[in-house]
Structures are given as structure tokens and as C-alpha cells.
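Here's a structure for you.
Lettered A, B, C and D in written order, each chain numbered from 1.
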Amino acid sequence: MAAKRTFREVARHIIFDSTTIPSKLFDLGLIGAICASVLVVMLDSVASLHKLYGGPLYVLEWFFTVLFTLEYFLRLYAAKSRVRYATSFFGLIDLLSILPTYFSILYPGAQYFLIVRFFRVLRIFRLLKLMAYVREADFVTASIRASGRKIMVFLFFVLVLVSIVGAIMYMIEGPENGFRSIPESIYWAIVTVTTVGYGDISPQTPAGRFLAALLMITGYSIIAVPTGIVSSEMSSMRGRSSRSRSCPSCPDVVHDTDALYCRVCGRRLSGTTKGG
Amino acid sequence: MAAKRTFREVARHIIFDSTTIPSKLFDLGLIGAICASVLVVMLDSVASLHKLYGGPLYVLEWFFTVLFTLEYFLRLYAAKSRVRYATSFFGLIDLLSILPTYFSILYPGAQYFLIVRFFRVLRIFRLLKLMAYVREADFVTASIRASGRKIMVFLFFVLVLVSIVGAIMYMIEGPENGFRSIPESIYWAIVTVTTVGYGDISPQTPAGRFLAALLMITGYSIIAVPTGIVSSEMSSMRGRSSRSRSCPSCPDVVHDTDALYCRVCGRRLSGTTKGG
Amino acid sequence: MAAKRTFREVARHIIFDSTTIPSKLFDLGLIGAICASVLVVMLDSVASLHKLYGGPLYVLEWFFTVLFTLEYFLRLYAAKSRVRYATSFFGLIDLLSILPTYFSILYPGAQYFLIVRFFRVLRIFRLLKLMAYVREADFVTASIRASGRKIMVFLFFVLVLVSIVGAIMYMIEGPENGFRSIPESIYWAIVTVTTVGYGDISPQTPAGRFLAALLMITGYSIIAVPTGIVSSEMSSMRGRSSRSRSCPSCPDVVHDTDALYCRVCGRRLSGTTKGG
Amino acid sequence: MAAKRTFREVARHIIFDSTTIPSKLFDLGLIGAICASVLVVMLDSVASLHKLYGGPLYVLEWFFTVLFTLEYFLRLYAAKSRVRYATSFFGLIDLLSILPTYFSILYPGAQYFLIVRFFRVLRIFRLLKLMAYVREADFVTASIRASGRKIMVFLFFVLVLVSIVGAIMYMIEGPENGFRSIPESIYWAIVTVTTVGYGDISPQTPAGRFLAALLMITGYSIIAVPTGIVSSEMSSMRGRSSRSRSCPSCPDVVHDTDALYCRVCGRRLSGTTKGG
């Protein structure tokens, strides 16, 4: 337990674990650096800021790239299985987050691909796990996963609906009213059924407007379906976890909140006070 | 069971059933062909693609039309009752999906009606049934059907609301602000109450904007109604199906999911494992 | 029961009741006439249709006005309390639905107020009651009424929110970006928080866009509140009505769905089969 | 109890309490004055009204400022701890609501900061407490607080999503299609995912429209998550509070709403009337 550990073991512990103070600090610092580097890429994309602070932002970009390069090689060195890390989702993202800056020396413009660095922000969800939010995140993702199939069926229905309505609208309105092709009409149908409604394409003929109105009301009503799925899933999950009285001998038996004795072995339940 | 079957019987089994491997493969292949032919119609509607690949797309269109013609006659030949198939929804769709290509020889432009082919994609829901999604789809459709009447009442209320608000807006704003007629104003009210909000028509006068704001807040709040209907319906359906333990002697007694013994006669419940 | 009734009693029964065949037919015919007259007003508002069919539509308008005038006087004659009917909501709507046509002889343009006739369509909800939809409508309205206060509190919060955000946006963006006054900015905030998003007014400055993004995310999230209120209300109402086992001696005692004996007097419950 | 009280005690009671008639009247009058003064600021911001009624509105502004100044000093005088009131949220708001008018003598334009007065409207929530709405408001805020963490996790996911999609859209569409910088693209992504959809920025390329369609469908579906969270939270809170019958000897046993006798000790429950 308190045995002497090699530098590689210590590094691995700090980088890949998140249970002790040093590894938590490392994660926190890393997230900070990622957010800062993402901010640099963001601000550099604003033309007016690029003109004013292009120089310092360029220096910061190189600073973060060198930092992340060092971190990448440290991870590669410390990983239990180097091949597995290098080919994992985050391993590839880590590599792709540093390459564009180097390529931009040879090919100007390559630095735009630094946008891939945004995906590193996903690591922040790991940080969330460190904090008390973990149970909430688990609850939310578990209920989404549980209702995933039902939502797939729903999305599939929406997809068929917008295809048919899009195709009909292409015939009704035609290119002269902005519905220039069937894919574009399907795009319009998605914009409408999800109630986004940009208004860049909108029906002009009475027949088209009538069909559009039907599609809007459909979209407005069927949003109830995924919501109902997730709501009922969450209610059922909550119901299971809220019945919390437990029997010392039968830990996996669930009791009603007002039960006094275990319904399987008859022992008095923990957390109950003497009554009657 | 293993009796010799005529070609018609085999064909009928493959085309109309979906329980054995060959019939499942046929369904899968058909869905693939339908999707591909729909994609051809879609791409051909894009002006730039039509100019570049109009020839190959034309050939593909004829290929799929001939394929679906053969399939149609095969279905007609194999169907138990030919008249019933030919006059069924899918029978008519199947016919209408192939006719436009033939008519387009005589009347150029008729091929646009190939759009009807999109409805064949609805067969994909049958394919879904083959897969594990069937129970999820059943759950979703059953709960929508159960809450259908309540949603009808809700949609009816929305319809009366948009009619009245649309008529008042026509008086307030008038043709000079884009509300050119009562039907158009009702179209605007639907666009607003469903929170789509294209912005092609929008109120300009203070009174009109006040009424529009009221309508928006109404639409934003009453979406809670269909959602509540479907949510409570799904919760109740889930509740019914999740309590599934049954006692051999007392079939109509409902047991908690963790009960080991019948609460009425004391017999061990089916589907329980030994516990503490 | 089969006693001789005066004409006034028969008329009152047909017009105001809706339990026998003749009174149901009267209601159905009336709703038909109302919808037709509303359609005439609608179509007459479309400029192109007015030019083509202005004459016949004018004749139809007078036909329906005379018809509704006769109906109004018949109602006034048959009503149990004439003053109460004449001053009731529907009594006033009935009167206001016929006056504009007569006034339009003296003051051309008065016929636009025929729009008030749209409110007569509300009678259709009475027709709904005749049909099997009555229970569904009752369920929906009861749960909305039950959650009305909570939704008022929510709407109040939204109102305060849009006032504050609207006022701040007026300072940030100002008249040069379309936010010409605080009421107009509040209108924009309502358009945004309800996710309608016309786009006729939209923020241009970075600060304004940041605040707008916050408002959008707020609006997108808090829609969960009224939906949650109505959902839980409906679930609770459904729960109460689904427990339907009843005891012959204690009709107001609610029993669990698997109870065999009344929990108050011990009698066997109706609708249970022998178990165990 | 009926002891002689100093003027300061009486003033403190009227201003800070809200249990007796005089203090309720004071609160009501204050809210009225706040709303009126906010209305004055609002109307003065409308250019056409400012031209016509600029004079009277200016007088009213000074009237309310003097009134609120007196009220501020009265509060300061009557407060139990003057420092605590002066540094509290409402204390600062009260001060900031009167200062701009005085500053506007020296620096014309300062009166725009009167907008801070809108925050005083928040006091209206205290007025709501006086009325029967208090329990409803408590229920709503309690269930939002209970689900706050889960909604934070959800909003965090939305934030990461719009950052990534915004960055990708900046690369796909670029400045020539209105996506002038990454922050602006993220703003567009928020407008889209929340289904607001102004349409001031909208994708033009097929790839951009495809990604936008994915984002819309995502936004349309994931609204189910916060709604589900709040719905299930409210259902669970309602369940807890609706079971309210209590046994004098067994205070922690929960009884059904129609139970007459304690299910543990058999004593008659409080709040029950004699039945069968």
C-alpha cells in the first residue's frame, strides 16, 4: 500500500485517476488550461479582436499547444496500455488538438482545425464527476438511456414525417417560392416541425400555408411524446430509489415507507422509531 | 408443416410474412431499394445535381420503376385476396409509386408525382417491428392512442383560439401591416401559438403586439396540456405493466415487484428466486 | 311526463337542452350555420375572392344575419328568464353577431365587426359535450383549473423577468438596433422567452446577444415548470379515479386495486372474484 | 402585548411585517406606487409619447423619486439593524432606484439608470405571499430548487453542445454566410437549440443545413429532459404531501387519505369523521 512507486506509476495515478488531492488538482488545472485555450481560439476568430490582439493571441496559442504536447507525451508515457490510449477517443482528440498548430507553419490556415480542441472540453464532464454532481448526472443519463429506444422510434417517425411533408411542399410551392429542391424542403420541414422557424424559407401559397399550419400543430403536439417518455421513466426510477427503509438481514428487499417489519424475514427495519 | 408448397404459397410467405429469415431478408432488401429510389428522386430535384448527373439518375429511376413494377405484380399474384390487396392503402401506394414514370413518357412533368413513392418508406415501420423496437413502438403508439381523445379536445381549443385571435388581429393590424385576410391572419396565429415564429408576418402596432404577446404566452403555457396528458398516460401504463408478479391461485391480485408470497393466500409467487 | 306542453316550453327544450334527438339536431344545425357564416366572413376578407364573389358572399351574409336574428328572438321568447339570457355572455354575443350587418347599411365598414361572430363558434364546445368527448374535456379542464394558481405564479415570474430583461436590453441595444422603447423591448423579450423568435427585432451587440442567449436558455428551461405542474396534477387526478373498487355499504371509501374486503366495514368488495 | 410602542416600532412593524391590516395596506400601496413609477419610465422611453407628454411624465418621475426617497429614509430609520438593511439586496436596490433622478440634474442621461427601479417590482413576490398564492409559490420554488442540480447538469451539457456545434458551423459556413466568428456561431447555435430561431443568421450550405437540422432535432428532443426532471420531482413532492392523516401515537406512520384507524396501533386517526 505504502510501497515505493515508480515515477510512471505516480504519473499514471495523477493523470488517469481522480480520487486523491493531487489527481483532482491536475484535472482542475487541465480543465482550466483547456477552457483558456478554447477561449483564445474563440477570440482570435473575431475579426476586430484578431486585428488588435492577433500577436498576443498567437503567442498564447503556441503556449497552450506546447503545454498540451507535453501533456500528450506524458499521458502516452504513463498509460497502462499505450496503444489503447493512443487509439481511444480521447487519445485521438488529444493528438488532433495539438497537430493543427504545427501544420499551420507549413500550411497557413490549418490552425482553424484547432476547433477540434473544443472536444477536449468534454473532459469537463469527468471533472463534474469529481464533484457532488455525479449522482445527478448519473440519474439524468440513466433515465435517458432507459428511454433511448422509445425516443429513437419517435425520432424515426419525425424523420419519415418531414420527408413526406417536405416532398409534398416541393410540389406545392416549388422553386419560385424558395423551395428549390426536395432536400431543401425537408430542411424547411425540420425547421418548422421543431418550432425553430427561421423564416428564411416560408410558404407563400394558401395550400402551402395550410400544410405548414398542419405541420406546426403536429410538431407542437408531438413534443409531448419524448417528454412523456422521459417524465414517466424518471418518475419510475425515482419511485424505485425513494423506498429506502432497509432490513439488516435482507439488504435487497424494498419496503414501503411506512413498513415496520421486514416483509421477508420479519425483523424490525432500521430507521424506524417505536410506535404503538 | 413440412408439406410441399406451391410457388404462390412460398412467394406469399416471403412477401407478406416477416417471421422467417428469407422473408426478413426480402423486407430488408425492399426497404433498401425504396430508400435508394427515394434518394434518386430527392437528388434529381436539386437543380445543380440534375444538370451534372441527370442521365444516370434517369437510368436509376427507370431501374427502380421496373423493379417495383415486378414487385407489384408479384404481390398481386401472391396475395391471398387480390382485390383486397389492390384496394388496400399499401396496394394503392405501390401502384401510384410506379405509374408516374410511365406517364412521364407521354406527359413530361408527370414524374414529379413520383413523390408518392415517399409513402412507401412507411413500410419501414414494418421493418422496425422485425427488430427489437417493436415493444417500444407499441408502448408509444398505445399511449398516444389512449390519450388521443384528450389531445383532440386540446387541438380543438387551439383551433378556436387561433380563429378568434386571427380575426381580431386582421381588424387591428389590417392589410397594410401584412395581415391581408382573415385566413392569413389565422395562419399567422398558428405560426405564433406553436412558437414557430417565421417572422414573415409580424405585428407592427402596439395593440397588435400586445395581443401577439398574450397569444405567445398562451401558446408557451398550454403546451403543458398535451405533454401532461401523454406523461400521465405513460406513467399509468408503465405502472400497470411493471407490477407483473402473479400468484397461481389468485390471478387478479396485484403484487409488489419484490413480494415473495401472495398477500392473499400465502403461496410462493411465480418468477421469484429464494431470498433470505 | 306526456303532458301537453306550450310552444314556448317545446322551443325552450329544443334550444336550451341537449338531451333529446330534436334538441341535438338543433344544436348540430346551429353549429353548421355558425361555421358557414364564419367561413363567409373569412372568405370575404380575401381581396381576390371579394372581387370575384363579392355579390354572392354579400347575399349569404344577409341570409345568415336574418337567420340568426330569427334565432335570437326565438331564444329571447323561449328563455326562462329573458333578462338573464339577454345579459348573459352568449346572449350578448348572439346580439353583437347580428347588429354589424344592419349598421353597415348606415355606416359602410361596420360589417367588419361581424368578426364577433367568431365567438359564437365557442358554442361548439357545447356540441362536444353532446358527444363522447365530454369526459375528456372535463378531465382536461379540471386539471387545468386545479393547477391554475401555480401557473399564475409562474406566469407572474415570467412577466417580471421579461420586464427587467426588456428594460436592460433597451439600455444595451438602444433605438439604433431596433429596440426603440422599453415596451417594445419587453415585446422582444416575450418573443424570445417563449421561443417564438420572429426575428423582426434581434440584438446586434455582443452584450445584447449574450443577454439574449441567457434569456433563451431560461425560456427553454422554465417551460419545464408549467409542464411539470400539469403533468403531476393529471397523474394525481388519474390516480384518484383509477382506484375504483367500491364497497356496497361505504360508497365514498376508496380501496386499493387489490383489496378484497372493505377497510372500514369489512364487507367483501364488489368486482372481486374469489381468491385463495 | 398591548404595551405602548414607540413610533419607530410602529413604523418597523408596518414597513417590514405583513401580518396586520395596516402593514398589508402599506405593502399594497407601495407595490402600486412602484408599478406606476415603472410605467412612467416605460412610457417616457417611447419617443412619440415623450414628445407629447414629456412634461407631465417628468413631474411624475420627480414625484415618485421624492416619495421613494422618503420611504428609503423611513426604512433606514425604522430598520432593526440599519447597516444590515442598507447593505441588503433590497436596501441597495431601494437606494439605486432614487439616485439616478438626482444625478440627472448634473449629468443629463443618468435618468436612464432608473431602469434599476424595475427590480423593485420583485417586491411584488412578497405581496403574493400575503395572499393565498403563498403555498403555490412555495410548491413551485421548492420543486425547482429540488431539481436545480439536475437542471444544472443538463444546462452544462447544452453549453458544451452549442460550443462544439457553433465552432464546427463557423468552419462550415464561414463569415461569408453570416457566421462571422465563433462566439457569433455559438450565439446562432443557442438560438437554434432553444428553438427560438430568429433567422437573422441561418445556414446556407447543404452541410451547414444538415448540421443545423441535427441540432434542431436534438434541441427539440432534449427539452424532454428538464421537463421530465421537474415533472417527476413535482409528482414525488405531491405524493409526499397528499398523504396527511396522522396517528396521535405513531407520528411517523403514513396513512392513506381515507384511512380511519392507524394501521399500526389501531387508534382512530385525527381529522376523520365518523363513517359506516
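Quick notes
The rule is simple: a contact is a pair of C-beta atoms (placed from the backbone, for glycine too) under 8 Å apart; a residue touches a chain by one contact, two chains touch by 3 or more.
If you're wondering where the values come from, they're calculated on a predicted model, not measured in any experiment.
The rotation that brings the Cα trace of chain C onto that of chain D spans 90°, given to the nearest 5. Of the two chain pairs examined here, B-D and A-D, the one linked by more C-beta pairs in contact is A-D.
As a whole-number value, the distance joining the C-alpha centres of chain A and chain D reads 29 Å. Chain B and chain D have centres, each the mean of its CA atoms, that are 40 Å apart. Contact of a single residue of chain A with at least two other chains is seen at positions 154, 183-184, 195-199, 219, 223, 227, 229, 231, 235. If you check the complex, the residues on chain C that touch chain A are 195-199, 227, 231, 235. Note for the complex: chain B touches chain C at residues 149-150, 152-154, 156, 160, 163-164, 167-168, 170-171, 175, 180-184, 186, 192, 195-199, 202, 206, 209-210, 212-213, 216-217, 219-221, 223-225, 227-229, 231-232, 235-236, 247, 249-250, 252-255, 262-267. Contact residues of chain B toward chain A in the complex are 38, 41-43, 45-47, 112-113, 115, 118-119, 121-122, 124-125, 128, 132-133, 136-137, 139-140, 143-144, 151, 154-155, 158, 183-184, 187, 190-191, 193-200, 219, 223, 226-227, 229-231, 233-235, 237-239, 242, 256-260, 275-276.
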